Amino acid sequence: MFLRIDRLPVELPVSPKVDPVAAKNVQELLGGRFGEMSTVMNYTFQSFNMRGRDKIRPYYALVSNIAAEEGGHIEIVSAAINSCLNGPRTEFDDEDPSKTPFKDLPGGIFGGHYIASAQTALPVDSRGMPWTGDYVFSSGNLILDLLHNFFLENGARTQKLRVYQMTDNPAARMMLGYLFVRGGVHALAYAKALESLTGVDMKKMLPIPNIGNAVFPEARKFMEKGNHMQLYRFSPNDYKEAATIWNGAAPDGYIEGLGGKTELEFVDAPPEGGNLANLAGIASSFAPNYAPEEIFEIANKLYAKAKNL
Amino acid sequence: MFLRIDRLPVELPVSPKVDPVAAKNVQELLGGRFGEMSTVMNYTFQSFNMRGRDKIRPYYALVSNIAAEEGGHIEIVSAAINSCLNGPRTEFDDEDPSKTPFKDLPGGIFGGHYIASAQTALPVDSRGMPWTGDYVFSSGNLILDLLHNFFLENGARTQKLRVYQMTDNPAARMMLGYLFVRGGVHALAYAKALESLTGVDMKKMLPIPNIGNAVFPEARKFMEKGNHMQLYRFSPNDYKEAATIWNGAAPDGYIEGLGGKTELEFVDAPPEGGNLANLAGIASSFAPNYAPEEIFEIANKLYAKAKNL
Amino acid sequence: MFLRIDRLPVELPVSPKVDPVAAKNVQELLGGRFGEMSTVMNYTFQSFNMRGRDKIRPYYALVSNIAAEEGGHIEIVSAAINSCLNGPRTEFDDEDPSKTPFKDLPGGIFGGHYIASAQTALPVDSRGMPWTGDYVFSSGNLILDLLHNFFLENGARTQKLRVYQMTDNPAARMMLGYLFVRGGVHALAYAKALESLTGVDMKKMLPIPNIGNAVFPEARKFMEKGNHMQLYRFSPNDYKEAATIWNGAAPDGYIEGLGGKTELEFVDAPPEGGNLANLAGIASSFAPNYAPEEIFEIANKLYAKAKNL
Amino acid sequence: MFLRIDRLPVELPVSPKVDPVAAKNVQELLGGRFGEMSTVMNYTFQSFNMRGRDKIRPYYALVSNIAAEEGGHIEIVSAAINSCLNGPRTEFDDEDPSKTPFKDLPGGIFGGHYIASAQTALPVDSRGMPWTGDYVFSSGNLILDLLHNFFLENGARTQKLRVYQMTDNPAARMMLGYLFVRGGVHALAYAKALESLTGVDMKKMLPIPNIGNAVFPEARKFMEKGNHMQLYRFSPNDYKEAATIWNGAAPDGYIEGLGGKTELEFVDAPPEGGNLANLAGIASSFAPNYAPEEIFEIANKLYAKAKNL
Amino acid sequence: MFLRIDRLPVELPVSPKVDPVAAKNVQELLGGRFGEMSTVMNYTFQSFNMRGRDKIRPYYALVSNIAAEEGGHIEIVSAAINSCLNGPRTEFDDEDPSKTPFKDLPGGIFGGHYIASAQTALPVDSRGMPWTGDYVFSSGNLILDLLHNFFLENGARTQKLRVYQMTDNPAARMMLGYLFVRGGVHALAYAKALESLTGVDMKKMLPIPNIGNAVFPEARKFMEKGNHMQLYRFSPNDYKEAATIWNGAAPDGYIEGLGGKTELEFVDAPPEGGNLANLAGIASSFAPNYAPEEIFEIANKLYAKAKNL
Amino acid sequence: MFLRIDRLPVELPVSPKVDPVAAKNVQELLGGRFGEMSTVMNYTFQSFNMRGRDKIRPYYALVSNIAAEEGGHIEIVSAAINSCLNGPRTEFDDEDPSKTPFKDLPGGIFGGHYIASAQTALPVDSRGMPWTGDYVFSSGNLILDLLHNFFLENGARTQKLRVYQMTDNPAARMMLGYLFVRGGVHALAYAKALESLTGVDMKKMLPIPNIGNAVFPEARKFMEKGNHMQLYRFSPNDYKEAATIWNGAAPDGYIEGLGGKTELEFVDAPPEGGNLANLAGIASSFAPNYAPEEIFEIANKLYAKAKNL
């Protein structure tokens, strides 16, 4: 079972402008082959399907627990897309829908952001093509699945680095910086798991590409807090066995002299997280409705009727 | 963010036989257009994308919270598939992989269960075609999104009823009975939400098709416990506002004289849940590995090294 | 069987400019999940597949007849796309194909309009992705199919409203205004059908989104003629039973004080319709051919040979 | 615009048994690359998109008119599938849905026939994969489009011949025999159109494969009536110019000594057609509903209320 | 089996600028339905699958041999895309990856060129949609397969002509000119094969569209060398029987007075070909790596260690 | 450019029966995500796209050369499928096509083998879904691409092992045994390339799964000849630099005491290969035609006319 916390892993800044081109590019990191839909679903299905689980719980716990963290990653990538699409609007936008409020959009956008959704994220890639279950690899062979995951994390990092180079939008970049660091943790965790099973020192191959996270100011900020050393536990009571893999000294080069820690740390709780932005309504996009005052009043009355919330 | 609990919503029985044909049909309920991948992802993206959220929190909380429950539903459908594919095997299966242990499979199976995964679930439908992000509807218009969800739940129920008619596998049927009941709760919740906003009595349209859940023994069992009256809260602290919608007397006909309750009940916690089955390893499918003793020993050593787990 | 009339439902204006960006956006309304390919094919297959048809002919006739009208809707959406792509050209365009007549196209176009077709419509959405048969829902359960259709019409209306906001092209907007009205008729017809079967007053939920058609001048024009009150019959002799559903007083708010009628009207014929535009040939796109004079002469000779046409 | 006639091109026999394997194979001819969805949509879009139409009306009329006939072909292929799936059932089937009426289905079926639809046709191919708009070719070059259509008709014939060899179901075979003949007419019509434009005698290449229709008793029956010589006009008043192409002596070998005619005949009306089968309701598939008596009564009341139908 | 030669069919000029819009359009000719992936795979599978091969070797040899040539065509189209994306860069590009070197890309590009690949070709079309095996037609009927191939070559030519009109990039145009000529050879070869089997003079239909290659300077250059008269043999020792089809006088109009030959020529070797461009590394795209000096040194050492290369 | 040799890598035995179920399963290894279409196209595009090629030729040569070998692998997998589908038929099959020669096919087949092709291979997977260009990974980062290739080879091996367990068809198994060995060579080659670049000893992870090839008699046969030690060069003159990577002692465990060699061997030529089977014509499938004698005679005449072949 899954629980939900109404918070983002970290709070994102408001995008200073409506930036649909950035939003389109960031979609690759949500619904592309190497997007967060892929990370969450690969690890989730591998955890559902792991055979002999009782005998290999450290690996089961690691994969299951990272799967849970990735749920927050589809959320934060979606939040970054939504921030880009929303821009600084906080007041209710009530442009006349019989005019053409969305006529002069730039060429490089994803039209679905304006037609299918009300300028919000969808589980598609930067082409607008949907994420597909064929991106899930769940062979049941523990080493092959872990090798896949190690490759997936590095492929995802490479694409994130490239999207970083395509935008200076601060909401997108804060999300990227955070995920450079968290993806780095996951890549290292899978490297350590593989090493424990095969003796092959996969850690030495990192980072792929060969440029450290600390080069990127938005990532560096999180490393200074030591986030690159921490694997969180995303469960009230379970998956503690992941700590048997995530421990010991961090490999040379991984620390980059930041955060003041040298030992990997298993944090027995999720991160505190940050606030979700409240997306402004857009009356001209009928979201949540054209003349929304009526439904606001209905919602208020529901509250009034309920006593102890 | 998301947390995970290492339990199923309810415990499933062991399938008395290896039943890959049932497994194939049940895949529709996981990765098909009306499968649980669709319910979880529709509600998740709608919750990510809801505009004016601060002013319409009851609806936000309802959709967000049901999204979290649906996470457990992809888990239980996967568990049913895995139970069908695994059958009663508990001992490690070590047939000779240079022979043909999987030669005489029935015609009506999904080959991917034997080639891509080690006889376990994949996010595909009964054709073997992958779930796709194009199944997600997130228009941003609150009424249209809720209408979609009401339709989706009823479409999902119809397909589940039909898969029920195609199998008597007890693991599949236990899952189906449970989801008839939970899906019924969700359909009613969306009906009530729509009614609060539009005044249209959508409840009166239920059940679709016009056959009550109590006809099905596996569902009746859960109704006798009153599960059809209960909306659980799947969060440590959030989404309590959903109770402003899920309350009051259940509609005529919905109760079917079972469970002893007449008022809808908002349960301030997730269900207790049941144990996940431990899937037997299959050496001949290399899951978790061909000669797995070595990795079992490695896992044991990891435990030994770790102190407080 | 199907017959064809060589006329559009209404005549469209000439687009004052070549407008491929509008054409791309309008493609969503042709080949997207909520495009007219979906309406025509959903209703067509539901009519092919309706079980117990002899006992429920009013519903059979309604669905079959609307399916036939939707055939004209894929035609008019295609005509709007073609008008946008063609612009005011009437003379034969014979630019030098060894030059680059299509070099400086705007970024936000669909390349297939220039590569696959000769600047004309294709059954794809605004991403350029093809319409797919998976958009067809035909469960066989009458209430569920009608609920689907009610949802589909409202989803289609929402997307049309949004495309309206993205373009002021008069050909696109005339088509949109007409389809706002015709889609409104279909949504109300399915609402009435559902109400007759379940007693639920679905009409009260309309319009979705909560903005009337009369706000839009291009729709208002058709309402002033009373077109929103009329369901046409698209058959020489059949489907008359649809009148048992489409009759009586229109619901409050639906009439919007236009057209002078208050009763729904079943029109026992198709609309008169309007002329199809003659698309200019484009020699540089080899449509109908590079140096087309020869085939014009051949066509003329065929005429000459035939006597009574 | 399109009109509809509530009749099939020809009446099909009742399938003597429930034959879902035949139904699956016949799906290829509906929703496959060479299925009737492809013929109807290719010709429909080519007719929407034809440039310089006023100067080449014989070709416009030919393509438009054949498009209309193909509408009846998706109908008759669907009817054949439905006949196979329905078998001889005429009484209402009310098996207990809490049992497993659909448990022992053969391996070679398409599961969607039992899960998505109520044992009726869907726009998918024999893999269950949906028909897609990418099957439509509409280049705008008249010769290339006609060449495509000539190839499409011959590819479709080849696949129909092969499905014929896979089933002896009389409903499937009657449909096949009829379409061998009608497809033969279309292939010859496109051959003649190409010949008129290029002087190349494409007729000489027919039949592809090199086996005449008269070999197949179900086709021979229609040839004996002369149907292979007749191109029907599917419009109240339009497309008469197609007669400028479809006339003259039939080529050697095409006539096969059947039907008593030697001249091609343009029939100025659609065929008389045959009755559509009334598909038995299946209560256990909830089609049109579980306990359908109530909706039958509602339908009756609608009739009673209406006066002149 | 296949061998490879490290040369392009012809050498392409350096693109004078980074031209991602041209690159996107050219992708249609690589991964689209009528792209070179389709030609190579259609002919390859037809050659794998040809029944009765020993009795029809001239046709087997023709199809097999053209398949081999098409391998070089996916290479040259990819090289043209790469040239467009690379532009004149020869020095190593080491922009700061923590900046935004790829921020202001034009709207009409394919994002995958910057995110998935390091500004290089992918097997997708101009929409970014992947080439698919469903584009392969291999019916086994020799005449139908050859008719398909004849159609495919002409469809491919039409799309190439249109892409030509969309770009004046010299790398793209050199590739196009070469492929106009080579595609013309293949179309004529299939026409002659069909004629030999059916007696139908398909040659007379060429060129489609009715504009000769000599109109295009980049094609004319190759015709002046006589390349349009030559079918090369792409095998050390096999497929010589193709010469039984490719021989005799070229048809009227095909020669266009260029190259000085009037007889078709079977060249018993592949063309000499030209150099592949060396694509500049892009450190900021991590291709081949971020700080590539290290791997350059490693490669050098490997050389040093090896003796006789 | 590519050349072709009219031979298979090794000759396959005749399948003792028509075995369409084996053929369907083997399709996964041709057109699936881990099929040979994926290996050939991944390496081919990586070689087209490698940046800084002149400085890293050993890697360029390795990837390019393996790409060429994989071309032969799509050929041999197709040949195995064709052998399964053809069975021992050598005489021309001329069953009456107006009968039902293909009526009682088993449930677990791929219908396209009988409808789309004449019982021959298609570029689809075991679901019948087409291979897609989205399976190609070409990031441009050398280490990431090689890591991908290492993973791909091991994923492909795992799926091949599982298909092996599903069939005892000797044609399929001979192909599998050969490809276990060749895939093992490629996995080791990529491991060595990665090791040279990163110092990580990837070889130690092999084999994945942890079962040696020598367990399988069909592979053992090729190991006894030393084929697992040999990397062939598939080019008249190029790619010799691959020898700088493929050399030295084979790792412990890899040799399995077979073949008598301990050093890896770079063979400066392709393997000798074996004969392609001549597939029997099937008149009832119209392959190469219904009454093929005529085209056999035509082919003979072409020969007669040609002098020096």
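Structure notes:
Each chain gets a letter, A, B, C, D, E and F, in the order it is written, and its residues are counted from 1.
We adopt the following convention: contacts are C-beta pairs under 8 Å (C-beta built on N, C-alpha and C of every residue); 3 or more make two chains touch, one makes a residue touch a chain.
If you're wondering where the values come from, they're calculated on a predicted model, not measured in any experiment.
Any chain bridging subunit A and subunit E, meaning touching each of them, is among C, F; the list is complete. Copies subunit B and subunit C of the same chain sequence form an interface built mainly from equivalent positions, shared numbers / all numbers used being over half. Pairs A-B and C-E differ in how many C-beta pairs touch across them, and the larger number is found at A-B. Placing every chain at the mean of its C-alpha atoms, the farthest one from subunit B is found to be E.
When subunit B is laid over subunit D using CA atoms, the rotation angle comes to 120 degrees (nearest 5).
Ranked by distance of CA centroids from subunit A, the top chain is D. For this pair, subunit D with subunit E, the centres built from the Cα atoms lie 39 Å apart. Work out the mean CA point of subunit A and of subunit D, and you get 49 Å between them.
Counting partners per residue, subunit B has 106-109, 116, 127, 129, 134, 139, 141, 143, 158, 209-210, 285-286, 289 as the residues that reach two or more other chains.
Applying the touch criterion to all chain pairs gives A-B, A-C, A-E, A-F, B-C, B-D, B-F, C-D, C-E, D-E, D-F, E-F. Considering their complex, residues 21, 24-25, 28, 32, 106-109, 126-127, 129, 158-159, 161-168, 209-211, 215-217 of subunit B touch subunit D.
Of all residues in subunit D, those touching subunit C in their complex are 1-9, 31, 37, 41, 44-45, 48-59, 64-65, 67-68, 71-72, 74-75, 78-79, 82, 92, 116-124, 130-136, 138-143, 196-197, 234-241, 243-245, 247, 270-271, 273, 276, 278-282, 285-289, 292, 295-296, 298-299, 302-303, 305-306, 309. Only residues 33, 134, 137, 139, 141, 143-144, 147-148, 150-151, 154-155, 158, 194, 198-202, 204-205, 208-210 of subunit D touch subunit E when the two sit together in their complex. Of all residues in subunit C, only 97-103, 105-112, 114-116, 127-129, 284-286, 289-291, 294 touch subunit E in the complex they form.
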